[in-house]
Structures are given as structure tokens and as C-alpha cells.
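Next, two complexes with subunit A in common: one pairs it with subunit B, the other with subunit C.
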Partner chain A sequence: MEGKRSVRMCCLCNERRASLNRPKTLEQICRECFYLAFEDEIHQIIVSNRLFIRGDRVAIGASGGKDSTVLAYVLSKLNRIHDYGLHLFLLSVDEGITGYRDDSLETVHRNQIQYGLPLKVVSYKDLYGWTMDEIVKLIGLKNNCTFCGVFRRQALDRGAAFLKADKLVTGHNADDIAETVLLNILRGDIARLSRCSSIITGEDGPIPRCKPFKYTYEKEIVMYAYFKKLDYFSTECIYSPNAYRGFAREFIKDLERIRPRAILDIIKSGENFRISTTTKMPEQGTCERCGYISSQKWCKACVLLDGLNRGLPKLGIGRSRVAIGCKEENESHGGKSIESKQCGSLDF
Partner chain B sequence: MACNGAGGCQSGCYKDEETTCDQPTTAPSETDSKSSSNLCIKCKLNDVVSGYGGIDDGRFCADCFRSNLFGKFRLAVTSNAMISPTDKVLVAFSGGPSSRVALQFVHDLQERAHKNFEASRDRSLPVFGVGVVFIDESSVLSIPSHEMEEAVEVINLIVSSLAPPRKELHFVPIETVYSSDSSDGKERLIELMNVVSDPTGREDMLLSLRMVALQKVASEFGYNRIVLGSCISRIASHVISATVKGQGYSLPADIQYVDARWEIPVVLPLRDCFAQEINMYCRLDSLKTIKLSTCPSSSINSLVSSFVTLLQEENPSRESTIVRTAGKLIPFHFNRIPEIIDGNVPLATRRRQKRYNLKSNESVSSESFCPLCNSPLDKSEIVDWSNHNNCRSSDTFYTSCCSSCQFQILPSDSTSMEKFYTDLPHSMVARANKVNNDKLNALREQIQDCLLSDGEDET
Partner chain C sequence: MQLTLEFGGGLELLCDSKKIHNVNVEFEQQNGEDKLTMKGLLSWVRTNLIKERPEMFMKGDTVRPGVLVLVNDCDWELSGQLNTSLEEKDVVVFISTLHGG
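== the complex of A and B ==
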């Protein structure tokens, strides 16, 4: 450095001006080095975890939000530069939420054109006969995330089957997975705790799912999208304000401020948890009604749907002492347990 | 040691009362708008006490509340064979509510045993001994000296009031960890702590040193058990903060009833009690506690404990869910009292202990430990020593520590690391060397019969 410069140089290439602090490492780097580091790290994750094999048909879960847009962009770029030999598709779910999903779907349609990837849209209305708007009208704003999450999982699997996909990728990032690890500890869900930090899940189910962004910070995804001026839709779902996940999210934001690497440390802890074999874990079977994988007689989607169709919206919510498929409503475990029932209990 | 007393008596409806007579204490009528009197669900005779939060709030009367809390303590002690009649138990006392209650309950147990002893004709069952230790951390935490003097007075009063049987009280400054090495322990300690810049690292380093001090006092004065007052609330915070620091592998080691990694096993008899209950107990019985003023903390530990407090307020069973979930992780082989072979210990105690020890046979049998915090190392942290032959001992020390200590405590450059290493208390350094020597010795034993001559070029 000659003389007194008020301008910092990128600490990686030392050629260009530093224009940002990298959230993960706090290095002061230029944009180009950031893009390179970002893309290369994801490439290394894909390779070292052997997420794909040549010729795989890969469905990218695309909501139009920043994670899935950046995922589609980066994956198609890496597919090209590193010649993965993958056939990529965009797969989108229309939950039927006016003023939210219809806008984000437009974004996905634009992505289809921008990235040159074929698009398939599956809707709750077609699959289940209900839109989220209709469901919320019936059950209100408590437990609506449970319905949406359960339905979405099946919807993605069905869409992927339609596309004859070998794998499904989603844009879940490090912040999401850290939140989920914490949530599962708080909720006492030991079964999910053992699975949620894996980069590939559902290998014994209809279609394996991968999360290439498992070690990627949400902040970096936002930064990438911002600098690259990628087209995405950035509003919170209008039905989500009461989600329990919000507690964990706030906490993680505070944590990130004190120690950025804590997010990855949570994931590391999740990977290192060893569950006692004497703990009772649910056994995997198939749903009697629709054949989907399920640990109970009926899969959760069928239970919820049954409840909706019979005007018993609380069926399948909370802990039940009654066999699924019977007429009685579930008991509540004290008033509090239903109110604080977690939404966003995304099955991985 | 002390529970951090989060979520204490919230409505503040409780007045301190002298419990000279067995009067049931009643909740003030203005909070009881629903019914004129809520009867205790256990004895159905007296009115409930309430307002302290927690899942049992408003269910028990004062007497049943007390016996319920003591019952949890006693169950933990007996099912884990924590205290046998021939033991000498050291209670780690910080002055906070949890360690106060732990001390009280240990005393109650001892008093009971003493009465039985006096009453029995043959005096066959001895009474276990109890000592109390207070670790003075004022050289590191900058506590005003008048506060410390007051605290010492109060503690002296408390311990002398808990007799008979008489209890030895030890006041020990934290720099005692250096006492066998040198006379400038305090300076070395301050220098050591100054190298640690991360606030969480400082707190955790102090915790490690505190345990070293406790172990030292215990072995010096012939105690064979250390009692910590850690309650559910404290353990729930630890579960989250260990998760957040990437210590998912070693987490189960710190949260069980028994931790026998150390030379003197550490037991947690209040592990099933909530901070809210403990605070209530102190109020009911007017147990004096002390709280030393320390600087506000910006560490991860304090962020986590505020988070857990928040969750507990939102749902009173949250802390127990957290601890129950973590309880489903596999504990380590050292999480039980080592089998008692001493013939002097009554057969009944030995049998009971054997029965309760059976469950952990699925745990792994051998672990490597971080020399700084003594947590078991996971696979990625275990070092292949064949690549590290000619390193400085300070670098060797660095490599043998867990990744969490490496990040938040140890300095990253070699020169500062060297300085840090020389400032470490000898016992920690010895721990690191012992581990390596033990490994070599174990290997050597296996091939001993094939070795030709002694004194090879070993380090």
C-alpha cells in the first residue's frame, strides 16, 4: 500500500477495490472474488457430498424467492462450467395464496425464460381440492403452516414424479437448517433432530432431496442476488406471522451478530448428535389411503385433508390419543400446547 | 454452580415469612379471583402457593411443595448412588439460590442420617461428611471488595447455622490453581485471562479454571464427591449454548446426574428442579442468598439464557422439554459413579448402584479429552500424532484442544500461544501430557514382550 489510501483493496486478489464484508468470514473483498468464492464453495459441497451423478434429472424447488432463484441461477451456471451433465427443471408449488403466491409465481415464470429451464407448476387446488386461502378461512391463522408444509411436501414429490426427476433440490440455507436444529431441540422431536442436518434426506422415500445451500449463509445469498441483480420476489408469506420458528430466527439473528460462525456450529452440533438406540423412533410404512410414505396408518396429508373435508379442522393437530381416521377430535394437552404448536414443521 | 435465577417469583405476591411454625402460607386473595381457595392437589388440606411460575405453579401447598422439591433431590441422590455413608461430600457454594438449596438439602439428608446414627444401638451405618467451598473469583471478575467481605460474613453465618453435624468451610481464591507451581499465581492468572479476547471464551475459561480449583480443594482435603447445584434451567441453557458452539458431540457429558471424568466425581442432585421452584423455596424458608455484582455480559452464554428465559415464560414446560430431548443423546461411560469395590460400603448401596449402572452399556468405552475444558473430542478433533513430531509444546497443546476452545479461547498466532501456554496452571498442562503418555503406554504394554531393550528414543 503506498501512501495513505482511504480505499481498501480486496484481500483475496489485491487488484480490485473491496466493496463488501463477506458475512461468513468478515473478509473485505471485491465483488468478483465474492462471486467466485460463493460459487466455488457450493461446487465443492456438491462434489464432496456426491449430490449428483451424470445424467440426473434434477427438479429445483422454485418458489420465486431469493433462495430458489439463486439456487437455479448458480446450479445452472455450475452445471455449465463444470459440466455436471444434469438435466435441470424448475418445479413450483401453487398453494393458492392470493397476493403472495400469484406474484411469486410470475417471478418463476420469468426465471424460466431468464435461465432457460423448463417449468412445471403443481397446485393444491388440483391435488387436494383446497387452496390455502380456503383453508385459512376455515381454520384461521393458527396451525395453517402445518397444513401448508405437509401438503407442499407431497406436492413437490408428485411434481418431481411427473417430471421423472431423480433428485429434488431445495434452497434451504444454513440459517434454515440451524433454525430447524434448534426448533427440534425445543420441541423434543428427536426423530427429526437426527435427520434434519443431513445434506441428502429421503433416500428411502419416493425421491431423494438435497440441500446444496446447507453451509451457505442467508446473508450471502441475499448479497449474491443483490449484486447480480437477480429477479426474485421478497415478501413474507401473508399467513405466517405466528410461526414458532420466529423465536428461533430472532435468536439466530442475534447470535450471528455476536459470532457469525455460530450458525455453522449449530449445524455441526446437529451432525454430531448421537441418539440413544433405546429411544423409540417411528417406523416407516405406507399410507393406507394414498400409498405415500408414512409412519402412521394414514399419512399426515390424508389426515389433514380428511379433517378439512369433514369440517373437523383440528384433526391431526396436536397430540392424539385416538387412532387416526376415527370420528373424535383430538384432545388438547392443556390449552397451551395447541396455541404454541409449531408451524413451519417442514418434513425433510 | 449457582443457577442464574432466571424467571424468579414473577408476580411478587410473596412475602418472606419466618417458618417457625408449620403454618401453611396462603396466596393473597387478590390474585385468586377464580375461586376463594385452591386446595393442594396432594394433601387436599391446605391452600396452594402460587405465583412463582413453572409447571407446578398453584398445585401444591407450602408443605407439599417443600416435600415435593426435596423428594426430587432425594430421588436423584438415591437412584444414582450419589452419596454413600462412607463418602465425604464437598458442596460447591456460590451463594446463589441453587447452591443454597443444594447445601440445605444435603444438610437435611446428613442431619437425618446423623439422627438415625445416634438412635441406632450398634451404630453400624456411618454418616457421610459434608464440606462447603466458595471459590473467590474477585481477582478476575473485579468484584468490589466490600461486597466480597459482606459475602464472606454471610456465608460463614449460613454454614455455621447448618450444624450439627458440623461442616468444614473452605474459602479459596481462584488463583489456587497455581498454588503448587509458583507464588505469583494471581499475576499469571490475570495475564492468562487477558490473552482471551472473546467474551464467551473468557467466561468458559473461567468455568474450566473453577472446576480445576474445585478438584484441587476436594483432593487436598480428602473429599470424594463434589456437589453442584445445577438445576434444569441451567442445564437447558447449557444444552442450547453447547449446541451453538458446535459441541454437539460432547454435550451429553455435561448434563447427566453424574460426571466422573474428573478425579473427584461431580454430581448434580438438583438436576430435576426448576429455577423457579428453587427461588420459591428460598423465599418460603427465607434462605439467605448472595449475588455479587459483575459487569454486564455480552457473551453467547448470556444471550442463550435470556432466550431460554423468554421461551420458558411463553411455555413453562419448555426447559424440561429441552433437557428431556438432550437426555435422549447417548451419555458417556463416565456418566455414572464408578463401581464401588470398597468393602466398607454397605452391600445395599453397592447393589443399588450396580442396578442403576446397567443402562449405559451402549456408550463408547474410550475417549480423548480436550486438556482445557475436558470435553470429549469428536472424530474430527482427534489428532494424528505421527505428523506432529517436532512441534513446540505450545503448538502441540493447541492441536490437542477441541475446536471450540481453539476458536474462542486460544490465541491464533504462535507467539501469543507460547505465552498463553507458559501461563497455564501446571495441572492443565500435565493433563495434556498425561493423555499422550497414556496412549503410548497403552500401546507399549501390548508389545512389551517383544521389545529388546529399555530406554529407546521415546519422548
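== the complex of A and C ==
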């Protein structure tokens, strides 16, 4: 009983009351039509970009947050109703951030039961000998995301290798990718700019990764989760307020308010960048220490880890030209006993 | 006016970690109209419910970009956003999308 308020009908089916305004298309649609459109668009992206082949073992990067929960739910559903023939797994990374990751991991454990998908958790402590809390204590509150992001990428690859996965999927959405395009422009990072808007990356590395939500708006993911009452964890990482990405995000959100289509347009611009043939690009090789793909002598994770273990937290941050790969005696630092730990025992 | 307000996506941390609030909003009549609009409600919420970091919830007159608003499970963009008029027993939900996924 709406009384004085006008009721808008769904512009697609005209049978039910409209529940939301889709930023992607500006359509006013009801829940049922929204579910169908949302799921079908993702199905089309998967098929037209040939993200998977039958029999693929697919690891879903699952943090317990909104994107990865909805990803696990939708991918399971599409796998069933369209018979993709995929073997799906949940893969979670424990960075060791108290009050943030320990809570969100509980959510992933619940997702494991709710969606019936096997779960593997890899931790920084096991892989690198350091938790993020310990790292931040050493390096302070700047550049936290640099360490965490680099370590997480490798952690996901190792977890995926453990699961014998053929592909890794993550829940990065349109807003995330638009932010990344902007970030790379602001930083003048031409190498990343050329790669960041691809839907499949790392095909020449250990495990190819894809982002089925590349064209999916964050708002729609949240609305989908809300209406379907999906269980997810929603708190900001305690170290994130100092991240540079926050500025790009603020800008993107303001843009979306004025013209929602801007998000997809930025992604399209990112895809359409052409790099002059005279520009020097980094060449891809392998890390001398652990064999991971790297454009330098040592991969970033090895550089950062070496810095941590030697008590040189600035190693690998910024544009310093410190000699990397020199064997020096260990410096002890503060109260923590430092053991130099190799990046991993896995050969890539 | 009796209303039920829900805060999600991390916003509950701004209001004493309580997700659901059953409130009675007293409002002034403006220009001879006795309707409470979302604009009036937001102002009331900021004053009465938000205990810390109001900039996480509002920017200027309206919600911070990235905060979704639903009135009776309907996107407020369909009903005029700030001009949405509210009625007795309405349920208003605020969900923040600004966190990791």
C-alpha cells in the first residue's frame, strides 16, 4: 500500500514493482529481472571472453567480502545451470591482520558450507614468516598496501598451485578496474596501464587469472547480495586509510554520481591505450631467487622480504637504486629474531 | 514519525555498532507541508545517531558517494533521492559499498 507515493513498474517486465535503478543501463527494474540480467551478463562475459574450458579446476579468490562472496555464489550457480563443467574451489589468504582478516575468514568458512565448495587458506606467516601486523610494526603506516599486495599475489598463486588449479578468478569489479586505470595514469606506470584492464592476465605466468566482474558495477554487486541475503563481511582494512587508492576511489564515486556510465568509459579508455613502439618497456624474465616471473633480477616479493629480514624496510619501496642480491651478514633489529626465509619452496 | 533504520556495510560502526534502530523522528513542518523527506531524515540521523566520523556517512546535504539508500527495499533513486517522502513505519536502509571485496 503505497498511498501518496508513486509506484514505478519494472521497465522490462512491467509486471512487478521496480526495486532499483541500474547504474549500468539506467533501467528501473524489479528484483527478478535484475537477478536474471545480472547473472546473464556475467554468463555472456564468461562465454564471449572464453574464460574457461570444460574440466578446468578454478580457484576463487575468496576474502569473505562482498565481491568474492557474490562471485562464488554466481559462479556456482552459472556452473550448474549452464553446465560449464568446472571444478570450483575457494582460496583464501590470511595476511595476519587482527580485527580484520580473522573475522572475514570466519565468513569464508561459512561460505564453504553455504555454497558447498572446498576451501584452502594460505597464510603470510607460513609462506613468508611475517604477518601484516608484524610488517606494519616494522615499516610504519606507509606503503602497507605495497607489501600486502605483492605478497598476496604470490600467496594466491601458491595456493592455486597447491589446489592444482588451472585458473584463478578474483572478484575485482568495474569500479576497482576504473580506479586502477586512474591510479596508473596518475603514477605514470605505463607497463601496468597496458595490462591492468585485461580481463585475463598472467597467461605467461604460473596461473592465469581472470576477472568475470570486470564490467559489473559495485553498486549492483551490493544490491544483489542485499536482495539475495548473501552472507558477507564488510569492514575496511585497518591499514587502508593511508592508501593512495583512496583518492582514486573518491573521485570515481563522485564521477559515478554525475554520470554512472563514466566507470565503463574509463575502462574502455584503459583498454584502448596504445603504447608508442619507441617506449622502453620492462622485459619479463624470472626471479633469480625463487623463479617467479619478474622484470627485474629479483621479484618484488623477494626484494621486500629481503628488506624485512635485514631490517631495511625501505628496500624495494620508491625509486632507490640499492644493490639487490648481495649477500651480507644479517643485521638484527629490535626484539624480533630474524630468520632469512626463502620466498617459497615451490619451483615455478 | 516511527521509522526503522538499518545500517550496513560497515556504517553500523558509526552508530554504536548497532545495525537496526527503531526511532521516533520529530520534525518541523516546513512551508506548510507536514511531510518528512529523506533530506530531513538525513539531517536528523547525523545529529542523533551518528556518533563518530560523520564524513563517512554524509557529504554536504546528502549521503557520501558510495552509500546506497533503500526505502522499503526500493532504491531511493527511483523515488527522488532526497525528495523521497517518508511515511509512518517506513524502513530505510543505508549500505556502504566502500570496503574491500
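Points to keep in mind about this one:
Everything that follows uses one rule, which is that the second predicted complex is superposed on the first by the 318 of 348 C-alpha atoms of A that agree within 3 Å, B and C clash if a C-alpha of one lies under 4 Å from a C-alpha of the other, contacts with A are read in each partner's own complex, and residues count from 1 in each chain.
One rule holds for everything that comes next: a residue touches a chain if its C-beta (ideal position, glycine included) is under 8 Å from a C-beta of that chain, and two chains touch if they have at least 3 such contacts.
Since we're looking at a predicted model, the values are computed, not measured.
In the superposition on chain A, A:E218 makes contact with subunit C only, not with subunit B. With both structures placed on the common chain, the touch criterion links A:R310 to neither subunit B nor subunit C.
In the superposition on chain A, A:H82 makes contact with neither subunit B nor subunit C. In the superposition on chain A, A:K164 contacts neither subunit B nor subunit C. Look at A:R274: by the touch rule set out above, it reaches subunit B but stays clear of subunit C.
In the superposition on chain A, A:R261 contacts subunit B only, with no contact to subunit C.
Contacts of subunit A with subunit B, set against its contacts with subunit C after fitting on chain A, overlap at residues 254.
Contact residues on subunit A toward subunit C in their complex (touch as defined above): 3-6, 8, 17-21, 28, 63, 65-68, 171-173, 176, 218-219, 221-223, 226-227, 234-237, 240, 249-250, 253-254, 256-257. Subunit B makes touch with subunit A in their complex at residues 200, 239-240, 242-249, 251-252, 298-300, 303, 307, 310-311, 314-315, 318, 321-322, 324-326, 328-330, 359, 362, 378, 404, 407. Residue ranges of subunit C in contact with subunit A, taken from their complex: 8-10, 13, 64-66, 68, 70, 73-75, 77-79, 84-85, 87, 93, 95-101. Against subunit B, the residues of subunit A that register as touching in their complex are 181-182, 184-190, 193, 247, 251, 254-255, 258-259, 261-262, 264-266, 268-279, 336, 340.
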